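The chains carry the letters A, B, C, D and E, assigned in the order they are written, with residues numbered from 1 in each.
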Amino acid sequence: MILNRYICVKQKGKPKAPNPSTLRAGSFCEQMIECHDITFRYPGAEAPLFDGLDVAIGTPGFHALFGPSGAGKTSLARIISGDIDGFAGRVKTAGDMPCLYTFNRERLPGWSPVGRHLEKTSPPGRQPLRDELIDHFGLSELMGLRYSQLSMGQCNRVNLLRYLLQDFSLLIMDESLANVDEPTRQTILYKIKSLFPEAGFLYISHNVMEVSQFCDQIIVVRGAHKSPQTARICGQDHRVDRPLDNTALERTMLEIMNAA
Amino acid sequence: MILNRYICVKQKGKPKAPNPSTLRAGSFCEQMIECHDITFRYPGAEAPLFDGLDVAIGTPGFHALFGPSGAGKTSLARIISGDIDGFAGRVKTAGDMPCLYTFNRERLPGWSPVGRHLEKTSPPGRQPLRDELIDHFGLSELMGLRYSQLSMGQCNRVNLLRYLLQDFSLLIMDESLANVDEPTRQTILYKIKSLFPEAGFLYISHNVMEVSQFCDQIIVVRGAHKSPQTARICGQDHRVDRPLDNTALERTMLEIMNAA
Amino acid sequence: GDVMANEKVAYRLKWLINASTAGDVYALGQGLFSEQGLDVAVKAGGPERDAIRELELGYAQFGVASADQVIRALAKGASVVVLAQLFQINPLQWIYRADDFSLAGVQDLAGKTVGITYGGNDETIMRALLATAGLDERQVRLAGVRYDYTPFFLKKITVWPVYRNTQGIFLSDKLAAGGERVAFFDPSEYGIRFVANSVVTSQRMLDEHPQTVARFIRALLAGWQAAMAPASEAAAIRWVGEHDRDTSPAVMRRQLAVTRRMVRPDPAIPVGRIDRAAWQQTEQIMLRQRLIPGPVNVIDRLRPQPSH
Amino acid sequence: MLHRRIFQFFIVYLSGIGLLFGIKLVLNLSDYVIPGPVGVWQTAQTEFYRYMGDVLDTFAVAVIGQMLSILMALGVGVAGRRATWFGSFIKVAAYNVQAYPIVAIAPILFILLGDGFLTRLFIAAMICYFPLLLSVIGIMSEPVADIEHFYRVTGRLRWQLEVKIRAFENLHKLTTVVSGSATLAMAGTIVAEFIAANAGIGYSIRIALYQSDLSKILVALFTIGITLSLYQGALELAGAGVKKAWATG
Amino acid sequence: MLHRRIFQFFIVYLSGIGLLFGIKLVLNLSDYVIPGPVGVWQTAQTEFYRYMGDVLDTFAVAVIGQMLSILMALGVGVAGRRATWFGSFIKVAAYNVQAYPIVAIAPILFILLGDGFLTRLFIAAMICYFPLLLSVIGIMSEPVADIEHFYRVTGRLRWQLEVKIRAFENLHKLTTVVSGSATLAMAGTIVAEFIAANAGIGYSIRIALYQSDLSKILVALFTIGITLSLYQGALELAGAGVKKAWATG
């Protein structure tokens, strides 16, 4: 199978991570995300969700977390972002700035209109960026509305937008655009990739085509009963100004579907 | 443009609905969904969301509501299901049984495990159906879990499942499977179509391919500023046991994308 | 000669303003205090108030307290002195329905349910009474009571403590309206001379402002003397009525009549006379009932009556 | 709206007084135990206006006391919302202070505050604040994760914002308990007047009690009830207004 | 957990008493106005066990009263949660009854219930139920749309279910207010004993007040406080247990 060429998993019990002392010293070229030998069981759950799971993504860029519903994408994301603790193993992310996690059920405060909320939550000096994002996210006409007046996809977009205005080294987007229409979603993804070339993104989505097309590395979470528990696939990492190789895209999609 | 061939809208001010008296008498072959001259403005909103909108779907089957985020799909769905009132115009749905509306943010009660909840909410005699659906929805292993222990997609599936067990003539599914992975989603859609051939479904989704492939009629909501406000496209209405005509599918997708 | 312009002092009463405080409000209303150069704030009392505490805290310069309060305070080191004794006869008595039985002696209490306020001076008085007759709690059923007369109305308690000059009047009116007659059981008839309301101040006040004290007591006793004179009844009713809006003048007139008998039982005795023997007896009773740990020599705290 | 409340109050009041008259009839009690309708009516005619004045006096104190207690409850609730040592200490303190019946600490209050307006206000606020506190602590100690997440991960969740979010999300519960606490403020002020004042309807009730005049008490209860029903209605309207203003203004 | 509460209670109590002693020192007050440490200690030695017995007596009534009031609050809250005529009527009735200060209706209670256990229980429940009611009404009248939708559209939303959903979703608030209401039940019972009974710590406090004996009151407050802190702690543990059991059991 072609699949094997693309899986770059670390087998449990065979750590391939660099020497920890080197890591600590900081001289080693840091991995963007590095999870090593993660074991985690939800309190009250029978079986562990992750058992010696390893994940590594080397460089910044637009990456994805993919996998069937219930496989553990959200859980892994929250472990990486530090939202969940109580797991065994080691997690590291690169960069001086925080790793932020955003998900599609977030709500905005109800007392102020969207525009004011965005103003109040953007760090100084980001007004141009904010205006640009509002425009490209198709939100210009909603700035006077409140949370309760937004449609689901509108709320998702505003939510993602406010995170993009923050300082981060890594932004994990948990189905952040799941309720947005495809054209808008594409515009948004292209825009993010062109505006934040230095940052790391981890995009959780159930859309295999989208993930294949836009993402650089795709971590497929396969569930605890499969071994290895994750697979890494290389995506097309497409940008708006480049041609898209449709055959390669389809191959990536196939690989992902096989791995999942 | 090919588009025009497929748009079967009713122009505002030119009602093409059958004579009301005939309708009332019930002798006329009922439309599955019929919205006539709907005008609706959210309280506090500046402009009306719908202004003389017409929608008609003739027969039961698996239909879709499609359109950009914020176009008014949710609003129209809630008007059809009777969840929103305060609109002008006429709405009718066929059938003796209720029209149910379900959306993807619904939560399950937290005090009982999913299995017990499904047992308690399914009408008598539906146990076989329930078991079959649980199996095909990939939920068998979750019956002992509670709401707070479900992943997003798992919760969405359980939620949709409990609606399918109810009595309904028309079920409107507002992004009900938006957080479910593609293979599971396809299995679910095929299953629904084969198990409920007599019922009407209105499926809201942002996935143009899925909508084109699975749905019979696709109502595209285009926003208040466009005229006509909706377009109706015929989809492939694909079933698991039939061949899928890929060219036709692509044409449908194109039509939808043009209409939106 | 030494009249100063409007020296401000506060005077804390023991109870709400009613016929029992006629002299106090009379002195105020008729301007007797201001004639003495005093600007007196006469403040109503109540069960949660304590004039002696207020003297020490400086919230009041003069007050009204019953003898048991004075003795308790002395036992705990308060430096209080008694300037005048307003009631020569303690108005605390027990009311009962005359048609049901009659109480001609302490012995007759046997078998009755007698109301007392636990912790109050009526408890002390009743216990002293019972002791004089050699009765104990097995023979007389003591029952705790409060301001709510319902148990008496419902005959659950048949002998009920009242202030004869105020509550005694309207209770007999109420029962009379229901066709019932009442009678009173008066401890002083059986040798119990437990002292009631007296005027007190602090030793420091007396030491530092003797003139003010003298002028205050002069005006106050003049007020009481005048208020108790039948001729000034109308004025007394007027000044009391200004505060006590819930009692009709007719009832007040009868309340005043009884009050008069207790403040001036004998025209020969000046208003405000301190009955030293009664004070001594009060201390003895309290000692015997172990309400104070040891003698306080209250006699030493009684200031000779100023002449006026 | 308001006239519905008044109507409902009349039903409540008349049922209560009807019950009393019923008991009187059945047990054949004399007028000094339970007054008859005629006696109550006569008393109403002579005392109603005076009592209405007293009630308004009480009412003014109650309104100030209510505001004070809302502030106290917010302060203590916000300080005690966390499950930390300090939070639990604040709660222990607040709960203990409340458990001591006002009647027991009245002498101490007199020592500390004298016997003026302040004491009255303080007692009213003490009686009113605790129920508010319980609600506020319940609301303030429960995170609204979907909204707070953003602020927390971006380091913006200062306590003011946390309080604002939780208050907004529980606005309905807060307005219910705040407008309901008017009742407590009124009861508290009356108790305070009963113990410590020489004005207000509480004081009048005390005198009526000392005189064993149930007619007067029944009339006083009527004036209290009608005033309160009106205030209650007004507060609920105001609460609805606040909700609307904050959600859309 | 519990011993932390006791420790915190000691801090609160000792600060309070320290403040009093401080005032005594600064103003040079006699033992009559504020007793000295020695006097309080002696009183504690002679009265502690008796008062502890009284407090336990009071406590027993308070616990029953609290249960009663929880039931009453749930009943009235559920009945009054809707914005209908009946709902608003229930509220008007409940609010009015609360506004009438217990002291004023004590005579009526006496006629109806006598001066024993029942009156004590009733007053305790009355004082305790209202704050509970406010919370319950606030919670019960606010829909939980995301969960109720399914039941509503499928015609299954009977009131029991509605109440269950709203209670479950607000379990934290409910347990906070229920466990906090223990304090109110205790205060209520003490007030009841103060105004209408012949047993319990409230009655002992009343006697101490008549005797102007602040030492006794301070000892009584100590016994009340320590009992309550323990009960409070126990209730909070129980609340946490309920939450856990309902959410996972």
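Convention: a contact is a pair of C-beta atoms (placed from the backbone, for glycine too) under 8 Å apart; a residue touches a chain by one contact, two chains touch by 3 or more.
Just so it is clear, the structure is predicted and the values come from calculations on it, not from any experiment.
*Asks:* If we look at chain A and chain E, which chains touch each of them?
*Replies:* Chains touching both chain A and chain E: B, D.
*Asks:* Which neighbours do chain A and chain C have in common?
*Replies:* D
*Asks:* Determine which of the two chain pairs, C-E or A-D, is joined by the larger number of C-beta pairs in contact.
*Replies:* C-E
*Asks:* Mind checking the centre-to-centre distance between chain B and chain E? Centres are C-alpha means, answer in whole Å.
*Replies:* Comparing mean C-alpha positions, chain E is 53 Å from chain B.
*Asks:* Just curious, how far off is chain D from chain C if you go by their C-alpha centres, in Å?
*Replies:* About 37 Å, centre to centre.
*Asks:* Return the distance between the CA-based centres of chain D and chain E, expressed in whole Å.
*Replies:* 15
*Asks:* Two or more other chains in contact with one residue: find those residues in chain E.
*Replies:* Within chain E, residues 33, 107, 111, 195, 206, 209, 212, 248 contact more than one other chain.
*Asks:* Please output the residue numbers of chain C that touch at least 2 other chains, ranges allowed.
*Replies:* Touching at least two other chains: 48, 50, 53, 57, 148, 150, 154.
*Asks:* Two or more other chains in contact with one residue: find those residues in chain B.
*Replies:* 44, 105
*Asks:* What's the complete list of touching chain pairs for this entry?
*Replies:* Every pair of chains meeting the touch criterion: A-B, A-D, B-E, C-D, C-E, D-E.
*Asks:* Give the list of chain B residues in touch with chain A in this complex.
*Replies:* Residue positions touching the partner: 42, 44-45, 67-70, 73-74, 104-105, 138, 142, 149-154, 156-157, 175, 178-185, 206-208, 257, 260.
*Asks:* In the complex formed with chain C, which residues of chain D make contact?
*Replies:* 30-33, 50, 103, 106-107, 110-111, 114-115, 195-196, 198, 204, 206-213, 216
*Asks:* For chain C, which residues are in contact with chain E within the complex?
*Replies:* Residue positions touching the partner: 47-48, 50, 52-53, 56-57, 69, 72-73, 76-79, 117-120, 143-144, 146, 148, 150-151, 154, 291.
*Asks:* What part of chain C is in contact with chain D in the complex they form?
*Replies:* Its residues touching chain D are 16, 43-44, 46, 48-50, 53-54, 57, 59, 147-150, 153-154, 167, 170-171, 174-175, 177-178, 244-247.
*Asks:* Contact residues on chain D for chain E in the complex?
*Replies:* For this pair, the touching residues of chain D are 4-5, 8-9, 11-13, 20, 23, 29, 33-34, 85, 88-89, 92-93, 95-105, 107-108, 111-112, 130-131, 133-135, 137-139, 141-142, 172-174, 176-177, 180-181, 183-184, 186-187, 190-191, 194, 202, 205-206, 209, 212, 214, 217, 220-221, 224-225, 228-229, 232.
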